[in-house]
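Take this structure, written in structure tokens, and hold onto it; I'll ask about it next.
Chain IDs A, B, C and D follow the sequence of writing; residue 1 opens each chain.
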Amino acid sequence: PKNFFLIAGPCVVESEANVFEIGAHLAAVCKRLSIPLVLKASYRKANRTSASSFTGHGDTFGLGVLQKAGVHFGLPVTTDIHSEAEADAAAGYVDILQIPAFLCRQTELLNAAARTGKIVNVKKGQFLSGPSMKFAADKIRAAGNDKVILTERGTTFGYQDLVVDYRNIPWMQESGAPVVMDVTHSLQQPNQAGGVTGGNPQLIGTIAKAAIAAGANGLFIETHPDPACALSDGANMLKLDLLEGLLEQLVRLRAAVVGG
Amino acid sequence: PKNFFLIAGPCVVESEANVFEIGAHLAAVCKRLSIPLVLKASYRKANRTSASSFTGHGDTFGLGVLQKAGVHFGLPVTTDIHSEAEADAAAGYVDILQIPAFLCRQTELLNAAARTGKIVNVKKGQFLSGPSMKFAADKIRAAGNDKVILTERGTTFGYQDLVVDYRNIPWMQESGAPVVMDVTHSLQQPNQAGGVTGGNPQLIGTIAKAAIAAGANGLFIETHPDPACALSDGANMLKLDLLEGLLEQLVRLRAAVVGG
Amino acid sequence: PKNFFLIAGPCVVESEANVFEIGAHLAAVCKRLSIPLVLKASYRKANRTSASSFTGHGDTFGLGVLQKAGVHFGLPVTTDIHSEAEADAAAGYVDILQIPAFLCRQTELLNAAARTGKIVNVKKGQFLSGPSMKFAADKIRAAGNDKVILTERGTTFGYQDLVVDYRNIPWMQESGAPVVMDVTHSLQQPNQAGGVTGGNPQLIGTIAKAAIAAGANGLFIETHPDPACALSDGANMLKLDLLEGLLEQLVRLRAAVVGG
Amino acid sequence: PKNFFLIAGPCVVESEANVFEIGAHLAAVCKRLSIPLVLKASYRKANRTSASSFTGHGDTFGLGVLQKAGVHFGLPVTTDIHSEAEADAAAGYVDILQIPAFLCRQTELLNAAARTGKIVNVKKGQFLSGPSMKFAADKIRAAGNDKVILTERGTTFGYQDLVVDYRNIPWMQESGAPVVMDVTHSLQQPNQAGGVTGGNPQLIGTIAKAAIAAGANGLFIETHPDPACALSDGANMLKLDLLEGLLEQLVRLRAAVVGG
């Protein structure tokens, strides 16, 4: 397809109402703009900086809400997993299994995700180069699954900042996998003194536009009707009612990139 | 103006014929594509890694060739300077004085450049953040000259690589100055064992397209009919006959960015 | 104790004979130099870059060899774990559970390790600052276990290099935990094109001496009689017969650091 | 000589009384501890972040004070220079010419410093690797002067931090030049929003001790009786009355390093 695809939704399943509100808005906007959409939410946050942060409402609840929303809106859905056991459990509910950046080198997790037969989306570790991600793609293919997506989400740049290296888009595409730019997490400001990751949401447009220009196949954007009240990652989520205007720009840009 | 502007030319004045060959090609292409063009070449290379590298044919020669080409093609011209004395000398020949990245914090050089009344283009040091470049712009304005351009050219990322942080484009624009992406030097691979800086010319398009998408006002691209034989920076210059195709794409992208 | 302690051994359990050969040598040298010793080996390599690298001989075999060597030499032993299930299994065999750097943010793994009641040694992620490691220590303490060690092993510095930031030694000590310098993995050269991590073993002495001077409580050094033939991490292990001379220097340095 | 040498003094010549107070204290302490001492102060600050920062009292004044103090205390003296003209001027007053880190690649400045016949101390640029500094040493030697010192002062690590890579000590020593650790500037926190560089003076001891352990030939420490009132670099200077205790520790450490 000529257009880019979009993986979007709230950071975490806060409630069924919240997922359905966001899903309805996203489905309508993406249909109008001919953007293939995947609905995303985490059902469990396993790697919060601090043990006192919110981690989810229980696995079955979150996965069930996500599946129900996918059926309701006719959309594929995705979530992130953190162990071999979660791979099998989540595969009963979602279409794409996302491997978190910190875990992209855990061979057994990649194998378990691959064996489910679902699409596997591996996020590039903050400590890895783009070209090295071909070894992650190779592990999944060696396990008999060639449905791999690779996602850029920034690289360690000093302690309290990430930098997006756009060279990683063509470099990861050399693996043969489509490449997604995770706009939300690329803007994280890690290692803050208070144990809560910071952000720069006013730069969401810059990161997304540069990604489309550099040839990204998809974008990942977390969004919420009221980021300031979100239970996780509020510092970087895009306010839901700002998404449509941004996507219009990006569709126009994409058309210019692919030519014709 | 709606289009981006282009600063382009060979890395160093190799000969009058070479500058005129490149200038003629650039002038024709940019006229056709309505891209405002500034012709660029260095007349002296003052900071080569190794003392045995080529540094130029003599100041008067190089400056004279550049001025002559500017007059011939009806183009503004630019070159880089390295000392207060050079600021005054070069100002007699060129329209824009470029401050090298390594020297962007040298107050007296900035002041001397500012006092010539010429446009001053300060390249961001590899060790500076985008927001810090406002202090460079402020120094020039405090010296009575508000014709400032700021140029992104990559940031230190380990020892043998640079990374382009596209957040620096909006961050530097907050200073009020137009921002240029130096595509050529952003791709340098510094600190190579042999004392000659390396490069990645196949990524020129990626760097340039992301810059236009992120809102850069101008691009800086060194070009040469035969980069492999160039006397400096051959590892990163774009082959002259590849420029037109790239610029066509960039013009289309720019139109999508500015909308309308 | 006034002296530093040493965690040492081969990268992976290659065979019982190999572990006993290394253990015998280490035990004799450390006894002579009054260095408290912990014998270390991995029984499973879960995060090799490439799926074709050696990952171990089976969990029970490796853990059994390690336990047997600990009993034989009268030494505490340690190994690294990668999942909640491994935490419980390994705790039956070893005295210290080591959390790999990539996994230092996985809350459930930290909790599972903590609940075993064993000492938990968390390696600082290449993407984390020293001060942020207090959140890892806090997670373990919140799970009811205050026997925490934190280990420095280098921080992402461009794609193909790590840098050791010695400020992390006092910064991590502010958490109240003893701090170990992992000399071996600090020298890794990640993201190499061939999928095999490189190294700089000639710098082992520099890294270790600076750590003792900066006040590290312990050192972690992988060693092998013939690193070139080792089944993992051969690029960075210290040749076994070079260890004694280095430790003599380090003991002298430690005495000068603690004074008296 | 078996001991390390020390380059120390205030950041900038504030007044004759200030330089003599600091010089008297340093001379007495270093004599007692058998540390070869070089008295340092800048007479002009040419690269302050912001144009509104203090830059000095005039060249002749500062150089004269420094020379007078050197004669009075029987000490060699050093200052930093920023142009070819300054090289010749300062050489009439001081024994060692220091090349600032930002300027370490300016070939004509290195040549001018070399031609004075004075010792030339080149600080490693924040954007250079240790091994690359051999090209700076080679430039000076090629100009007929083999009295070269190289100084480590930290490397760009994100935008607002520097990291000291202790591998650079042996790597720069491979050039044949003695290597100094600039403890003061290694702790800078550049690119602060307010345009004034920050610091971490409580880490001075950690940086200095690790440097001696890693084999540094000399240390560079700026010191002031009242850093909070200093006219430049107050954020990183060591309080004068804390220096003696630190040097005692360092002398003990050095003895342990060189053995015997």
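Everything that follows uses one rule, which is that a contact is a pair of C-beta atoms (placed from the backbone, for glycine too) under 8 Å apart; a residue touches a chain by one contact, two chains touch by 3 or more.
Remember, predicted model here, so these are calculated numbers, not experimental data.
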What chains do chain C and chain D have as common neighbours? A, B
Of the pairs B-C and A-B, which shows more C-beta pairs in contact? A-B
Chain B-chain C separation of Cα centroids, rounded to whole Å: 48
Gap in Å, rounded to a whole number, between the CA centres of chain C and chain A: 33
CA centre of chain A versus CA centre of chain B: separation in Å? 36
The positions of chain D in contact with two or more other chains are 155, 157, 159-160
Mind listing the chain D positions that touch chain C in their complex? 155, 157, 163-167, 169-170, 200, 203, 206-207, 209-215, 249, 252-253, 255-257, 259
Within their complex, chain D touches chain A through residues 157-161
Which residues of chain A touch chain C in the complex? 46-51, 55, 82-84, 102-103, 105-108, 125-129, 131-132, 135, 138-139, 142, 155-156, 159-160, 190-191, 193, 195
